[in-house]
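First chain written, first letter: the chains are A, B, C and D, and each begins at residue 1.
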Amino acid sequence: MKPPAADPALLEKLVLANRVLYRYGVVDGFGHVSARHNASSAHFLLSRNMAPALVRREDIVTFDLDGAALDAEGRRVYLERFIHAEIYRARPDVQAVVHSHSPSVIPFGVTGQTLRPVFHMSGFLGEGSALFEIRDVAGDTDMLISNNALGAALATSLGSRSTVLMRGHGSTTVGTSLEQAVYRALYAEVNARLQIQAKSLGEVTYLNAQEAAKAAAINDTQLPRVWELWRQEIGQV
Amino acid sequence: MKPPAADPALLEKLVLANRVLYRYGVVDGFGHVSARHNASSAHFLLSRNMAPALVRREDIVTFDLDGAALDAEGRRVYLERFIHAEIYRARPDVQAVVHSHSPSVIPFGVTGQTLRPVFHMSGFLGEGSALFEIRDVAGDTDMLISNNALGAALATSLGSRSTVLMRGHGSTTVGTSLEQAVYRALYAEVNARLQIQAKSLGEVTYLNAQEAAKAAAINDTQLPRVWELWRQEIGQV
Amino acid sequence: MKPPAADPALLEKLVLANRVLYRYGVVDGFGHVSARHNASSAHFLLSRNMAPALVRREDIVTFDLDGAALDAEGRRVYLERFIHAEIYRARPDVQAVVHSHSPSVIPFGVTGQTLRPVFHMSGFLGEGSALFEIRDVAGDTDMLISNNALGAALATSLGSRSTVLMRGHGSTTVGTSLEQAVYRALYAEVNARLQIQAKSLGEVTYLNAQEAAKAAAINDTQLPRVWELWRQEIGQV
Amino acid sequence: MKPPAADPALLEKLVLANRVLYRYGVVDGFGHVSARHNASSAHFLLSRNMAPALVRREDIVTFDLDGAALDAEGRRVYLERFIHAEIYRARPDVQAVVHSHSPSVIPFGVTGQTLRPVFHMSGFLGEGSALFEIRDVAGDTDMLISNNALGAALATSLGSRSTVLMRGHGSTTVGTSLEQAVYRALYAEVNARLQIQAKSLGEVTYLNAQEAAKAAAINDTQLPRVWELWRQEIGQV
């Protein structure tokens, strides 16, 4: 059943999210961000197959939790929409999903290292990043999450965490709002860069579980500040 | 008691300082810079809670040394204004304070390494950076300097130095003028990057105490040069 | 025998390729990109001797597979046109060639390390990069591929691979289309940066041969997405 | 004796050199570039004390080889003009001098490592960089080359090389033309970055003396290409 039209403010926010992720180097010509539909928890909003930097409101397509497009009208859709579909199915708390090849995060996945919070800005990494090894599930593949089974396996790896590394591919970050998911995707990248440098200097003291949880909670109260910056930097969308 | 209106030139300089710190990546959506009030040493000037890049003159709020806002008029203020308040209280010589999560500095705090002057531009690091470990003072926290006791503890760690690293958080740099504090915050970041690279190459010869003190003194005479550059790069504020 | 005039769409694409490679730091004032002539497999198109960022349609010159210019009309041509000529001669499948000093790739050539695919975006590196040591062929030279013999030796080193590192010089990447060659040159650079970081973190799991081949095949279907981004970023050429 | 007015084309080129060095991060608010006077080998042209990015033609001052300004007319001059003066005195072949704190070069000076040519673009480093230790000459100083004796000592360290590292300070690069000196200052920085990365990957094969000399000679014939790029990027000065 097709849900009602999405809230125009959510669509605008989703376009802005695409542009912000590009501006800050989390995505390049590839990667995508989605939001759960405001009027139907069984649907989500995601651009048609195109570079995030170019997404406009009219490029947003509605998908169900099987990854089927409801209103693509012949337009190409992302091969990896199943990342989003299966995470929304597995995680009712999740309202937004970012999938990227964010550069500094890649070295962690391919070496089996865990992203841990170097500073309070990445308290959301308190449980550490999860790691998805597609070989364990499907042998030698093209590395893409191109069907529901792979999406479900990825969602299982993610578990209750905020971020899952995908070996030889990239990472996926979730949030309880678009603002939070974009923030987390960006600071996962920043944290990764800092973690690489810190490890080169010596033994790293990460935030412990209590510090991470408390920092994540207080930082969420500051999201409007940074969202307002990004809105002004991107301008009218 | 409320001090008289601040010098418009100081307010303009403070707005410029916010923009410069953003332009050069010392702050992002977070971090803040303050100046002691020109007409009252018991007050300081700091933006309301917002991204530094967007600060305008009318966003500057006056605070007393307890961190209480005198003219916020309902506007949200920074959770960590106590960093500024308690440093101004403890250090009569300090006229400006920059708090940031400047990226290359973070790895030093979390590994317990000391910032030392790699080159004459960072002679102000001659005594080395101080290190503040919030766990020693308050156990497991959200990492923020969100009250006077934490601010006072941070000021104690800073001591007579120019820069204090805050483990798992960021750093704070002080100066005897806004120009000097901004300069120091920026070159602390540059020095950190160089120090990481130099350590990867071999044993580092840092400036010794005499060299650092002399270099810091002569560099202060060159501040107008770089401030003029920044003023022109930022344009009218 | 001079071939007919080249397809204007190909010329436009070649100009765009020059600009994209500059925008993304694959080339600087140096480096060059060519395309095989659309109407004659025995000819190729390459700018006159100039910085890639400034190339316009009227700067494109036609060359034969000996590296002789057909319509230079007195304009200076690149010293290293033989890279292109000899690869087009040796590799009938190749439709485009990028030669650059792309920074992160250089450290691999000078240490005899092999570029391997860290992530699916660089599946084209599945066979690993080839390595060309000019000393083995010609002793102590100016390092440039400035004649047919050197070009042929380079093409022999390249073999059937997508990328050949040139020790103390740079690298050359080929594709079956301009879009693919530009994509590969850019992601060879990205992959090199990631590979350096990953090696500093621990043992790296690269894509295996099957994964790399499958990833390369599926990624080729996504080239229009990123080419459209680049077209819009560069604007009218 | 005051020399005749300098060639306007040289003045324009010197302004452009200032801007290029800033655009490419060789200088920031600090650092300077000079040219020997076209009509008098006993004089040189150097901006008054200001940020290189802001230099205009009317800011250029004429100096003699003692570092005395002939036409400063009360304007502040650089503290380190003696770098230029004494190198022009010691090296009749030198027509231009760049002094900078170019970031990636700093780690070499402070660890006593030598810059060596990683690729053909830096053949001018074939003899390796020289190293100047100011402590050996003057004990504990402010690190600056603020008089003729220090300038002469620096020139002695430089010897017949193209580049001298200054421990805890920066570096100085010379050329037989402004174009060449700017090119060398920029590629010394690029080479330094590559050399750090290459050393982290394994044993580095540098260009040998013959390769470096030949590469430097052929690259000099390509300077107009990159200068034209820079001229167009900077625009009217």
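Note that a residue touches a chain if its C-beta (ideal position, glycine included) is under 8 Å from a C-beta of that chain, and two chains touch if they have at least 3 such contacts.
Since the structure is predicted, the reported quantities are computational estimates derived from the model, not experimental observations.
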Hop count on the shortest chain-contact route linking chain A and chain D comes to 2
Intersection of contact sets, chain B vs chain C, gives A, D
What's the call on chain A versus chain C, same or different interface residues, using the half cut on shared numbers?
different
Of all other chains, the one whose Cα centre sits farthest from chain D
A
CA centroids of chain A and chain B: separation to the nearest Å works out as 33
Two or more other chains in contact with one residue: find those residues in chain C.
200
Going by the touch rule stated at the top, which chains touch which?
A-B, A-C, B-D, C-D
Taking the touch rule as given, give the residues of chain C at its contact with chain A in the complex, in rising order.
117-121, 123, 190, 193-194, 197-198, 200-208, 210-211, 214-215, 217-218, 222, 225-226, 228-230, 232-233
The chain A residues in contact with chain C across the complex are 28-30, 49-51, 53-54, 79, 101, 103-104, 106-108, 110-113, 140-144, 167-170, 196, 199-200
